[in-house]
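Presented sequentially are two complexes of chain A, the first with chain B as partner and the second with chain C.
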Partner chain A sequence: MGILLQTIVAGLLKGGLYALIGIGMTLIMGVMGIINLAHGQMMMVAMYIAYVLNTMGVDPYFSLLVAMPTLFLLGVLIQKYLLNPLIKVDTILPENQVLMTVGIGMVLTEVIRFIFKSDYKYVTTSYSSATFFLGGISFNVPLTIAFFIALAFTAAMFWFLIKTDLGRSIRATAQDKDAATLMGINTGRITVVTMGLGAALVAAAGCLLAPVYYIFPDLGGPFTAKAFVITILGGLGSTVGAILGGITLGMAESLGATYLGMEYEDIVGLAIFVAVLLFLPGGFKRLTKV
Partner chain B sequence: MKKTPVAAIVAVAALALLPLVLADNYFLHLLILFLIWVIIGSSWNIMAGYTGQVSFGHAAFFGTGAYTAGLFVMHGGFSAWWGMAFGGVAAMLLGLPFGAICFPLRGAYFALASLALNLILMHLATIAERFTGGMQGIMIMPTFVSKVPYYYITLGMAVATLVVVQSIIRSKWGYYFVSIREDQDAAESLGIDTNRYKNVSLAVSAFFTGTAGALYMNYMGFIDPHVVFSLHDYSVMAILVAIVGGVGTIYGPAVGAFIMVGLQELFRSGFFGLFKYLGDRTGSETFTQAMEVVQHAHVLVFGILVVVVILFLPNGIVGDWGKIRKSVFRSKPAA
Partner chain C sequence: MRAYPKGLLTVAVLLLAVVLCGGVMAAENVKVGIVLPLTGAQAKFGEIEKRSFEMAAEEINAAGGIKGSKLELLFEDDTGKPDVGRAATEKLISRDKVTVLTGGYSSAVTQAATAVAQQFKVPFLVTTGSADEITEKGYDYIFRINPTSSEYFDPFETLIQKAGGIKTMALLYENTQFGQSSAKDVEGAAKSAGIQVVVKEGYQAGAIDFKPILSKVKGAKPDIIYMVSYVMDAALLMAQCKELDINPKMFAGGGAGFTLPEFQQKAAAAADLVYSATLWSEDVPYKGAKEYFNKFKKKYNSETEYHGAEAYGSMYVVADALKRAKSFSPNDIRDALAATDMMTAFGPVKFISYGKKTQQNKLPNTFVVQWQKGKMETVWPEAFAKKKYIFPTPAWKDRK
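Our next item is the complex of A and B:
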């Protein structure tokens, strides 16, 4: 019983971070109608920012303040100069925007590899392996902090989407782009902002993960895979779904690693993906209707 | 019905005669790789370029074919050449249920599912050590010492693939495929069973990719999960080959394969040994370092190439040939 509880707690904490990754992806999916296959790579870039700042003595949580604006800018530039021009390009190539994100992901990975080489980097903090106990269950300190910061960001994101003008415009664009344009929303600008927000959110996840994870250039790919599993699980474009999806994936990975063996950790997510396609196409969105 | 262009026939004839004049192993190796990529690129193209179903995981079919050939040797003690007969069928058997699940769903599902399929197979091939040899992979003894027989077999396969793809595209199926790509609802309303024809195009595509995988196993003699199920080396490369040459054109992937294999080799060998030569001649460290940089830069260049091609040559070299000719040769005044 102790092991089970411990596993669930570990999965829940990880799930909070996954939710943050998933929300960024699902926002982009909802507004642009494309999957961003450079999502994990953006997170990787943010982790390297945290690493560089850490070598200068900056705590990874403060590097959030640098990494998020930087990635926001990166997302804005990518959307403005690489993805939006494709709408006007006359081509028979289907999904050229998605292919473009693949190319962008490759470039990000290789540029980072070029600068930092392929070896593992660590963000060292005094609390990296600190734990505290609550009712016989151990909580990893950085993961617990990460979980609560992730919760705060998620709540802030919801407030932003529901209460602010810009947030409403984003939701309107996601629901019906043409109608939103007719209502006077500059949808081109909205896509740029959304990409920036998605990138900033995943940057936050990267910085929060940095103290407990090793950092290397090829880390992007597996996290892109996790991000799309979360998005499919939650339902394309659904933010509530992304949170549920993130937590489910975190739990499932944790349970898989404990009860099946470490080598199954990655395959669990993919198995969920297949199961969702088979039994619940549309994901949690079909159940929650949001 | 259009005839096969003379240029294509000349090219095949030239390729067939080439080993008689040029029996250099290095060039034969590059040509074999080029021909394998013609097969994979054309297969990807029939599904993505003509039917509009973009696959991000074609390595799944390639690896299945390669493992079919390898498993024949590992478990039955049969010749790996049996893989040539069954590798394509195995890939097709993998593709059909996969298509049956994904095609009824609209949107990004197919693209994501193909990527997932690729990853799942890579993990499975790694975990099932007893069955596949796990990370150690499968090694076989090559049948021929010389590269010439492999070259002719690959050439035959590539020509067969192009002929079959061309005849499918010019048949009724081809028109069904294109109509699905252009407007699925309109195709459906004209009475085309869109799911069925998406599956047909997937099956053809998987079959040829799987056969190419089996051929690869026979030729290279070694596979492991991270080689044949590699996202970068196969899935993304297949996309690059097709989009650089031209999606939705019959000869585009052949042109793309030529350019991509050439580029890959250019970087792998450090501009065909130019840097090494300069380094040896001048004895300067700079060239040796430059060579290392160049050897590691090929994925970066591929990434930049994806971005540039999609932005500026969205229909590839063959598809945008008119545009290229106009801007490069200025043979006609710009309209």
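Our next item is the complex of A and C:
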């Protein structure tokens, strides 16, 4: 029983972080209809920002305040100058924006490798492995904090999309771009803002992950893959879906690790991915409707 | 616009001529192909080895090179993936026409790369890739300087006997060829030493959270936790053992990640008193070992460890074989390598056959080190020990 509870807690905490990683991608997917395959790499850049600030004595949670605006700007620039111009170009491949994101991911990785080398970096904090126990179940402090911050960001995002003008415009663009344009929405600007928001959210995830994990230039790929799985699980463009997707993936990995063997961690995640595609195409969005 | 392509053609021809001349001039160099993970998660190891290869080659060239010609190192990045390693080896052989190959870090990549070398009959001196199978296939062009991973556990056996009181073991390993191969051997060795393996779990490298398997380990209360892990997984495993308050009598690492300075820096207090198998430390009594360590530190301003020493030794073995070879034909180099009997900074090198293995180097000693107060100290075998080993490991809460 202790082991089961510990597994569920571990899965839940990890799932919160996954949700924050996935939510940016799902937003971009919903509005632009493309998968941002540089998503994990953007997170990696944010982690390096947290690392550099940490060497100057800044706590990784405060580096959120720097990394998020920086990545917002990076996202805006990428969308405005690299992705949007591609829409106007006729090619045999309609999805050349996706291919562009692959290239951007590689460039980000190699630029970071050029600056920081392939060395492993890590953010040292006094609380990196701090724990508290609740009835014999251990809670890792940074992961618990990350979980609640992730929930707060997700809630804020939800409120923003439902209640504000800009949020409504984003949802309108996601639902029907042509109709949105006809209603007077500047969809070009919306895509730019969305990419910025997505990048800022994944930057937050990076800063929260930094104290418990380690940092190296090639870290982006696996997290892009995780974000993709979460996006498909949750349903394209669904914030609530991304939370459910993230937590489902975290739980599945944890339970799989305990009861099947940890070497199957990735297999469990991908098996669920395939199952959702087969039996619940459209993801959790079909159930939650938001 | 007609003239334009013609002009281009002239330029191309000129360029080609330059390249060809360059090629002729470069042919005087002896080309050594080296396959290493220079990017990807194992890049840290690749970097240490690359620097050591370069340092050794510079020294050899400065001392007159090989029969008047210089060593030219051609590095290819295997990114830690077997398919890339295979392609890299093919490129080195068929396009760059290297005389001899060396390098090879991860076992899975090395296995793929050596198969290519054997097929093209180009001699390959494996630097690290340590899974037993690699020298068990009867490949006559493949040599290995690194002892097999099954021998990493040997010094632990005697240490455990001496320390006493160890009856149960938890065995954690990364789910790769190196991890699986090591785990199988350690399990067998533990059984024959009368130690019961109570938990045996593989994990996926790069995981964030090891608590699921560590909870199981905690429940089983083993006397020793033996881990086969690369560097950052190793650091996270130890940090999370501390978090979950797991208290065996001994934490032991099976080579690879546990000897790197980054392990200690990331795991910090959790790294203290962790044991690791190692093939080399700067304190080993081989001629040139300490000099290599100091030179590396001076040149690159960072520390080296056993992987670097292997690379440094490999370069000297290759140079020695090239010097003795009747000609630079693959067959003559192979024969020269097979006749190797020399001392390197890494230890004595001689390729012998034993058990199912062929052309395999065997070191007289492998060592156990222990992190004590942030420093890695050689603690076993007793004859080489710099510090007394600390056993049993005190519980986390009893540490200051």
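By definition in this document, the second predicted complex is superposed on the first by the 290 of 290 C-alpha atoms of A that agree within 3 Å, B and C clash if a C-alpha of one lies under 4 Å from a C-alpha of the other, contacts with A are read in each partner's own complex, and residues count from 1 in each chain.
Simple rule for what comes next: a contact is a pair of C-beta atoms (placed from the backbone, for glycine too) under 8 Å apart; a residue touches a chain by one contact, two chains touch by 3 or more.
Everything numeric here is computed off the predicted structure, so don't read it as measured data.
**Q** Could you classify chain B and chain C on chain A, in the superposed arrangement, as clash or fit?
**A** Once both complexes are aligned on chain A, chain B and chain C clash.
**Q** Please work out whether A:226 is in contact with chain B alone, chain C alone, both, or neither, and reply first, second, both or neither.
**A** In the superposition, A:226 touches no partner, neither chain B nor chain C.
**Q** Contacts for A:285 in the overlay, against chain B (first) and chain C (second): which applies, first, second, both or neither?
**A** neither
**Q** Based on the superposed arrangement, let me know which partner A:96 touches: chain B (first), chain C (second), both, or neither?
**A** A:96: touches chain B, not chain C.
**Q** With both complexes superposed on chain A, which partner does A:266 reach: first (chain B), second (chain C), both or neither?
**A** Once the two structures are laid over each other on A, A:266 reaches both partners.
**Q** Contact-wise, after the overlay, does A:34 reach chain B, chain C, both or neither (first, second, both, neither)?
**A** A:34: touches chain B, not chain C.
**Q** Regarding the shared-chain residue A:131, is it in contact with chain B (first), chain C (second), both, or neither?
**A** A:131 contacts chain C only, not chain B.
**Q** Could you say whether A:258 touches chain B, chain C, both of them, or neither, answering first, second, both or neither?
**A** second
**Q** Touch check for A:113: first (chain B), second (chain C), both, or neither?
**A** Once the two structures are laid over each other on A, A:113 reaches both partners.
**Q** Overlap the chain B and chain C contact sets on chain A and report the shared residues.
**A** The overlap between the chain B and chain C interfaces on chain A comprises residues 113, 263, 266.
**Q** Taking the complex as given, what residues does chain C use to touch chain A?
**A** Residue list for chain C touching chain A: 38-41, 43-44, 46-47, 175, 201-204, 206-213, 215-216, 219, 231-232, 235-236, 239-240, 242-245, 262, 265-266, 268, 270.
**Q** Residues of chain B touching chain A in their complex?
**A** 48-49, 52-54, 56, 101-102, 105, 107-109, 111-113, 115-116, 119-120, 123-124, 126-127, 181, 231-232, 236, 239, 243, 247-248, 293, 296-297, 299-300, 302-307, 310-311, 314-315, 319
**Q** Which part of chain A faces chain C closely enough to touch in the complex?
**A** It is residues 2-3, 6-7, 10, 13-14, 17, 113, 117-120, 122, 124, 128-129, 131, 138, 140, 143, 209, 212-214, 216-218, 222, 254, 257-258, 261-263, 265-266 of chain A that touch chain C.
**Q** Where on chain A does chain B make contact in their complex?
**A** 29, 34-35, 37, 82, 85-86, 89-96, 98-100, 102-107, 109-111, 113-114, 221, 225, 228-229, 232, 236, 263-264, 266-267, 270-271, 273-274, 277-278, 281
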